[in-house]
Amino acid sequence: MYRFIRFAILLMGLMSASSSFAADAQLEPLTTADDLGPVVEQPIEFPHNRHAKDMGINCIYCHTYSRRGSVAGIPPMQKCIGCHQNIESVRETPRIKKLFEYWDAKKAIPWKKVHDLPDFVRFNHERHIKRFVFQQNRPVQEVCGACHGAVKEMTVARRQKSLAMGWCMSCHEKEHVVVAAGGMPIGTAAYWYSMKKPAIKADGTVVAKGPNDCSSCHY
Amino acid sequence: MIDNNFDRRDFLKVLGWGGAAVALTGCGNTSVQDGKETVVSYVEAAAYVAPGIATYFNSTCAQCEAGCSVMGRVREGRVLKLEGNADSVINRGKMCGLGQAGVQHHYNPDRVREPLLRNGDKGETITWEKAYELIAQKLNGVSGDNIDFMTGTISGHLKVLLSNYMDSLASKNHFVYEAISPAVQRAANLKSYGVAMPRFHINKAKVVVSFGADFLGAWVSPVHFSQQYAQFRKGVDGQRGVLVQVESKMTLTGANADRWLVVKPGTEGVLALGVINALGVAGVSLPASVAAMVKPYDKERVSQETGVSTEHLVKLAALLKERSPSLVLLGSAAEGYAHGSQNAAAINLLNQVLGNVGKTIEAAATVPFPQIAPSLGSSAALRMVSNRLADGHTKVLFTYGVNPVFTAPSDSNFAANMAKADFKVAFAHYLDETALQADLVLPLDSALEDWGTQVAEYQPDGVQISIQQPLMEKLHANTRGMGDILLALIKKNRADEYAGFEDYYAYLRTALLQNKRQFADAGVDDDVFWNDLLSAGLVNVAGTSNKLVANLASEIRLPAPVAADAKFPLRLIPSVTANLRDGRHANQPWLQESPDPLTTIVWDSWVEIHPKKAAELGIVEGDIVEVESKNGAVKAQAYLFSGIHPDAVSIPLGRGHDAMGRYAKGFGVNPFPMLERIFDDETGELAMHETLVKITKTGTRVIVVKDEGAAGGNQHGKKIAMSIASDAVDLSGEA
Amino acid sequence: MSVTNLLENWSEFRHTHPVGDVPHDPYKWAMSIDLDACTGCNACSVACYAENNLPVVGKEKYAAGHSMHWMRIERYWPVDDTASLDPAQRDFPDQGAQFLPMMCQQCEAAPCETVCPVGAANHTPDGLNSQIYNRCVGSRYCSANCPFKVRYFNWYDYPTTENVWPAEMTQQLNPDITLRSKGVMEKCTFCVQRIRAGERSVKNEGRVLKDGEVQTACQQVCPTGAITFGNLIDTESRVHLQWKAQRVELTADEQEKDKEGESELRGYRILEELRAYPSVMYMERVRESAI
């Protein structure tokens, strides 16, 4: 059945010239907090707003591990220094002075975790980034913002979403329209392997769910 | 759910970068704890280092002497697991249980962490500088003749440094001691084939007859031979290989044999000559001298002496005649007698008669750099050191990689003799029995923290020089690599020559680069060559090829059967298990909890006794029995085991430590001290199977801690573990 | 749910996969073990300890049956028509021993799944019998109902038990898998963490996993290559070819070997008659008849 649908979709894609990327627009960028986490005091009060909003730096430029591994991570300090050694204007501000103190001492900054998951849950950043940013070509801030909120409005990041299982499932259990009626398939075959049980509705729309069996995340 | 006090930050003490790992484990904390933990972050990181992504580094296993190449799985700066390196001709990506437990050697909580100097019964922490000074001071004025260095098997550049150090002390007394070694066999092979350790091709043989060689468990290079064995079972031209094992106590290899032939202890040589005789009877042409020599060994006599039925003897000869090439292996069980060399000669003769030499036995390549070829251990070294100590000849004794206080027979009085030396230095990972007797204990890096090169004795293809490199930062600040220690010591004597080498790493790099042309194109850049070498973890060189010689033994003297000793009627077979060997890794809990394959016993020693003998003596499973020899006694639980000759009992080696650490101390008994000091006539090796014992019940009984499966090792007629006769199965169509 | 409903619709509640028109796709993880290659060396078992954070429980707890070896080597003495079952009654085990690596058989109609009161034991679309630790309440019904006795219960909180993981040893723990605490049932997962990592990486590349890309820890280490693990649906996978050559069917409850005149095969599943449809096929050890 599944195989048949996949094949049918490919055929439809070949025959139809019109494209419809907007068909998968179920992932709303959630920029407002509905479950605000505690205020976390960090060793340096890092201004996300300056970097992400004013400078417009891509989230993945610094949180580079997010497209390679399970965790987004904090960049090595050499990355901070790489830019800041050439930015004389803020060189003497208290935060940057502190940064260089750590750097000179070759001591890692003890950043506190803002988004902590229970130990029996596996969340993989890479897969989400690959799917939504690279395969669907969505804006990075929208994709990251779906779980992290409007970080570009914050200084020190603060948790915005509950990160509870029900909250994850609110996406994973939802039927996403993957092909609008008469539309063309989205992305590559890779996209299809991430979907469970695609189904064709009466109007020709193809819908599917994200991975939602327990052992996708719990092991 | 459940509150869990497990301190997860402890993971990271080693890292030195003050961050907590990202995906730490622990089921306890269901609540989200934002702001409680720190995130891993680096100051500077190589591009391949990313949190949550494992990196693999190649190195070499140091758990035994087989020299398997390993890949360490490293995450967030800590090594998690050892896996096999597929490029190694020795282990081809595979590992054994002992090797994998190497991580528990590294993370062991009982490792020595500081240099310790004896002060009465206590060890006082001192600095390395002071330790080096003290050694120099104690060596001052001592003649080289009075300085002994006792090590286990040693190879590579560590061996070079050690011999240079001994040279600088004007001492020739480097003794290489292995409590369990195929030393008798080496001597016999040298006589028969012209090389001590030829290559064996189990995979090319149609029949393998193994006289007590536990090549799947603990013999020479078990991971390598296991892979050969797998091919052998798949067969050459579709004909599945047949394994016949001849021994008095079933080993793991014996348990996998198609036919397990139990022989009266020590009669392996008789059986070998009997098979030659039977081959002659079956029409195989024998050289005249051999025919004459085996003439007395007709099947009736051999059957009577060995206990193997004439039917099996004839069948075995017929099989060997019919299926060629075959391979006859010679193992520790056959060697362990006063006439071990004779047994070995008889078994090698069988190979020669069968025409296996040159087919399934080939000459191994010689290491092109003799200075890094392994110095092979033997038990004869123990006798020499012990005598020198007793005579007061040895003033300063160094020990490294050996634990003679644990492995020496009690009447060699090793511990007492050792006390006679003025100054004893133990290079140690644990405070084991020997380290506790030392005046100065110097803590070593683990194999996963240290640099080195290793060359294994058994080389299956060319010569593999294996690189050992640190897989992570040092766990303890004050341990040192053996190479660094030797370099520091040698600098005390030859400062000028070694001044250029800041540390052992620098020495190793220079040494290997010097021979770059042997390993790579001369034009390769030094750094490129070195990085390639480290990333490969090994380098193969062709070596010098050799030819085997064919020396037929002209005389084999096998003892006539003797009547049982009235006072000590049974023979003790100290068994060598794949996991515990001579006991040096007994403090690794995975090995203690890994059941013995045959008895399924964990965490303890046992006395194997044949059910019929046990019935005679009124012994049942779990009875604590006392096994007594002329040289000592142990008390352990009895295990009724039909895989042993009724005239023998067996106790595994490796357990019974009274020091070393929390997982070793107090578990089981140590049969080494009760061994009688009887030696092989030709090589002077300790004849491990010559000890006679008696066995008595003590009256107490325990429940044997073992795991024979849900149904107690009984299939109750269900089809669980099934077998099929070879003539009833068609293997040709298998995938 | 009424008992009538349960009995009437029993086959649906058996959770047999594949169910109806939802076949396993694109994966069905399965294994085959060649007992003629297995030497009983225990390397697989140690690999499992290393990979899956299994606690070393110590002698006392082992004696109480609390050992946690997901992969255990069972040792039997050979059974044939002429020999007695009890080795003690025979002179010598002259045909050697019989070793059997035993771990969760990942049954397709798993007896453990139907009895779990909280649904912690359930089936995944790729044919694994998954154990969800955070849902488990420790009723141990699953263990009682497991015919293979391969489920292990955490009687203690091993992470805090003395000498199980002293401070240094915690650094060896695999962060890719949960460290289970007291009151939780656990078992072999076919190294689900490796499967999930593999699946994720090929999803990014837009393809399915190829044979050999995911190896279980036991398979990877086995010196004789006795263990084959892979995707049964992939017609080129070694495990598929082995099952096919032995004519063992995942969804059959009587295999060709059991039928008259088919004895030249050696593939079988343990306790086939229970209709649990295990995902592990064993191949009989061969014994030479000429000696």
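When the chains are written out, they are named A, B and C in that same order, and each has its own residue count from 1.
Keep in mind that, in the parts below, contacts are C-beta pairs under 8 Å (C-beta built on N, C-alpha and C of every residue); 3 or more make two chains touch, one makes a residue touch a chain.
The shown structure was predicted, so the numbers you read here are calculated from the model rather than taken from an experiment.
Trainee: If you take the mean of the Cα atoms for each chain, which one ends up farthest from chain B?
Mentor: Max centre-to-centre separation from chain B belongs to A.
Trainee: Check A-B against B-C and say which one is joined by more contacting C-beta pairs.
Mentor: B-C
Trainee: Measuring from the mean C-alpha position of chain A to the mean C-alpha position of chain C, what distance in angstrom results?
Mentor: Chain centres of chain A and chain C, defined by C-alpha means, are spaced 36 Å apart.
Trainee: Rounded to the nearest whole Å, what is the centre-to-centre distance of chain A and chain B, using the mean of the C-alpha atoms as each centre?
Mentor: Their C-alpha centroids are separated by 52 Å.
Trainee: Once you find the CA centre of chain B and the CA centre of chain C, what distance in Å lies between them?
Mentor: Spacing between the chain centres: roughly 31 Å.
Trainee: Residues of chain A that contact two or more other chains, please.
Mentor: Within chain A, the residues that touch at least two other chains are 118-120, 122.
Trainee: Listing for chain B: what residues touch at least two other chains?
Mentor: Residues 22-28, 30, 52 of chain B each touch two or more of the other chains.
Trainee: On chain C, where are the residues touching two or more other chains?
Mentor: 133-134, 176-179
Trainee: Residues of chain C touching chain A in their complex?
Mentor: 21-23, 25-26, 122, 124-125, 128, 130, 132-135, 176-179, 189, 192-193, 196, 199-200, 202-208
Trainee: Enumerate the contact residues on chain B facing chain C in the complex.
Mentor: 1-2, 4-8, 10-11, 13-14, 21-28, 30, 52, 75-76, 78-84, 91, 93-97, 100-101, 103-104, 107-109, 216-217, 222-223, 226-227, 229-230, 233-234, 240, 242, 244-245, 250, 252-262, 312, 315-316, 319, 475, 578-579, 589-595, 597-598, 600, 602-604, 611-612, 640, 642-643, 662-663, 667, 703, 705, 707-710, 713-715, 717-731, 733-735
Trainee: Give every residue of chain A touching chain C within the complex, in rising order.
Mentor: 1-3, 118-122, 124, 126-127, 130-131, 188-191, 193-194, 196-197, 213-216, 218-219
Trainee: Over in the complex, which chain A residues touch chain B? Could you list them?
Mentor: Against chain B, chain A makes touches at 37-41, 65, 68-71, 73-78, 102-103, 106-120, 122, 159, 163.
Trainee: Please name which positions on chain C make contact with chain B in the complex.
Mentor: Listed in rising order, the residues of chain C that touch chain B are 35-37, 39-43, 45-47, 49-51, 53, 56-59, 62-63, 67, 69, 72-80, 85-88, 90-100, 102, 133-134, 148-149, 157, 159-160, 163, 166-184, 217, 220-226, 238, 241-242, 244-246, 263-266, 268, 270-272, 282-291.
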